[in-house]
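Both complexes below contain chain A, partnered by chain B and then by chain C.
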Partner chain A sequence: MTMTLIETITVGSGGAASIEFTGIPQDGKDLQVLVSARNTSTSTIFRFTLNNDTASNYTPLFLRGNGSTASSSVFAPLNNPFALEQTIDSYTANTFANGNLYVSNYASSVSKSISGDSVSENNATAAFQLLNTTQYSGTSPITSMQLFQTSGLFAEHSTASLYSIS
Partner chain B sequence: MATPTYDLLESVTLATAASSVTFSSIDQSYGDLIIIVNALGSTTLEARIRLNSDSGSNYNSVRMSGNGSSATSASLASQTSGYLSVIADATTGEAILLKLELQDYAATDKHTSILARANQSATGTEATALRWASTAAVTAIEILTSTGNWAIGGTFNLYGVAK
Partner chain C sequence: MSETPVKIVVDLSKPKGQRESIIELTSAELTEREEMRIESEASQAAQDKSEKATAAKKLSGRNKLLALGLTEAEVTALVG
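Let's turn to the complex of A and B:
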């Protein structure tokens, strides 16, 4: 009974449009992904899907602060829900955002609740903090997870580690 | 070889609806505790926490919340149980994902601090910091409802984080 590292993926030279975990073991209770991310373009949040499901089965809601104000938004079901914050190309060199995405009861056959917490850093007055929740209406056990960009790439040295909590 | 640091101490899956779930006789050898709740409410309710069966006015909290249209912050002082989150009723079909962290729970020289993250797109997302105004070590944790019940099938998992 423990928190077990399943896989760590580090983005190499040239960047990557997506990071994917496949063949996720089904013997855990929850999944946690810890991410350090930077985007090569201007996208401040990367996206995710589960089981390669690209239908509009994800209902996201978030609370976001930027250093001066906070706001909250909820969205109609999307096919590319928000995952976590990331720094962007114009930010201070070598800064990366950190965050975790948590999926509970991932091996069950009911809809899934997902929690996200992330922060970016720019060595400046403005930086983002994101608390987000996503309801995924798919009922299949989660066997794969995709993290991806809608513009630009995951920059070199971005990392994602998937843990099983059992 | 690395030492496991995240141990499942107790897991409860509700076979019948219940107004509370209690973890008792908690092992005192860990540094922190983590509780993961994934459950539906029988009605719109508040999730709350009570430690060591203490129903005195000893729970204080500050929270920030987003409901999809606005961001707010509020505090509650001298409560008889600690506020964790609002939960929509079961008709939404959406279980809440509640993550609780109790730091240094076995200490006897400080008040116990709790960080709570609640997630339910039907109601919102919240982050709450709580303080239990007692220096007693935490030996029992009750996750209760303000009204109504936790629905059948709800899961409540208690983990110990090694120090």
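Let's turn to the complex of A and C:
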């Protein structure tokens, strides 16, 4: 297995509502995105779409801990599936969540399976751990990926690194 | 700092160093973002409700075991 860094993006001052990778090379088997993220507001999870597809073609389920209890959920298809955890503005200053989102067989012409794991950071009881999967029913090869906030922004110094797995 | 939120677009078909663009969201994108915010808050609220219900059931079950005469240590050994 070879893991090749395609690109790393660091959010600059002022933040960003989304990070979008376009023109993804089609020469790999799987895609992996490693993210270090902090939200400027109160949103504990950022979202993703593939190929700018904002229809309800994503079926997520997840197992999540919040520092005191654990829960699991299966959702009806969404148009803005969960990507990964992130620290929020009220959490310990200068801390960032980290996580990984993995897209299998991204260049294929069948539906795609996505898995993620992530943890947020906070010097308090409340901090999240998330294991999630998403079944994406789109069958086109993945040429773009959008990581986005539904409220607030990716804070300055958040990073996203896209890797090709072959 | 721009008042309008921006997106970072990384065009991987371009050579390194020329890939990154910072673009202000269009009014259509801002509208879509607001719609997604409303939807995500609804799904988050459902998730929070589920987590609270799980915690309440856990506490209720624990209290019932204690009421049966089990000690705290025994209940913890059983259900954590």
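We take it that the second predicted complex is superposed on the first by the 165 of 166 C-alpha atoms of A that agree within 3 Å, B and C clash if a C-alpha of one lies under 4 Å from a C-alpha of the other, contacts with A are read in each partner's own complex, and residues count from 1 in each chain.
One rule holds for everything that comes next: a contact is a pair of C-beta atoms (placed from the backbone, for glycine too) under 8 Å apart; a residue touches a chain by one contact, two chains touch by 3 or more.
The model shown is predicted, which means the values in this text are computed figures rather than measured ones.
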{"item": "Chain C versus chain B on the shared chain A, clash or fit after superposition", "value": "fit"}
{"item": "Touching partner for A:V11 - first (chain B), second (chain C), both, neither", "value": "second"}
{"item": "First, second, both or neither for A:T22, with chain B first and chain C second", "value": "second"}
{"item": "Chain B versus chain C as contact partner of A:L63, first or second or both or neither", "value": "first"}
{"item": "First, second, both or neither for A:L50, with chain B first and chain C second", "value": "neither"}
{"item": "Touching partner for A:M3 - first (chain B), second (chain C), both, neither", "value": "first"}
{"item": "Partner chain in contact with A:V35 - chain B first, chain C second, else both or neither", "value": "neither"}
{"item": "Chain B versus chain C as contact partner of A:A83, first or second or both or neither", "value": "neither"}
{"item": "Which superposed partner A:A127 touches (first chain B, second chain C, both, neither)", "value": "neither"}
{"item": "Touching partner for A:I165 - first (chain B), second (chain C), both, neither", "value": "first"}
{"item": "Closest approach of chain C to chain B (Cα atoms, Å)", "value": "8"}
{"item": "Residues on chain A lying within both footprints (that of chain B and that of chain C)", "value": "64, 70-71, 73"}
{"item": "Chain C - residues contacting chain A, complex", "value": "1-2, 5-14, 16, 19-20, 22, 25, 32-33, 36-37, 39-41, 43-44, 46-47, 50-51, 54-55, 58"}
{"item": "In the complex with chain C, residue positions of chain A that touch it", "value": "6-7, 9, 11-25, 43-45, 47, 54, 64, 66, 68-71, 73, 75, 78-80, 148, 150-151, 153, 162"}
{"item": "Parts of chain A lying in touch with chain B, wherever the complex brings them together", "value": "1-3, 29-30, 59-65, 70-74, 102, 104-105, 110-111, 113-115, 117, 131-135, 165-166"}
{"item": "Residues of chain B touching chain A in the complex", "value": "4-8, 11, 36, 38, 64-71, 93-97, 99, 117, 119-122, 124-127, 153, 155, 157, 159"}
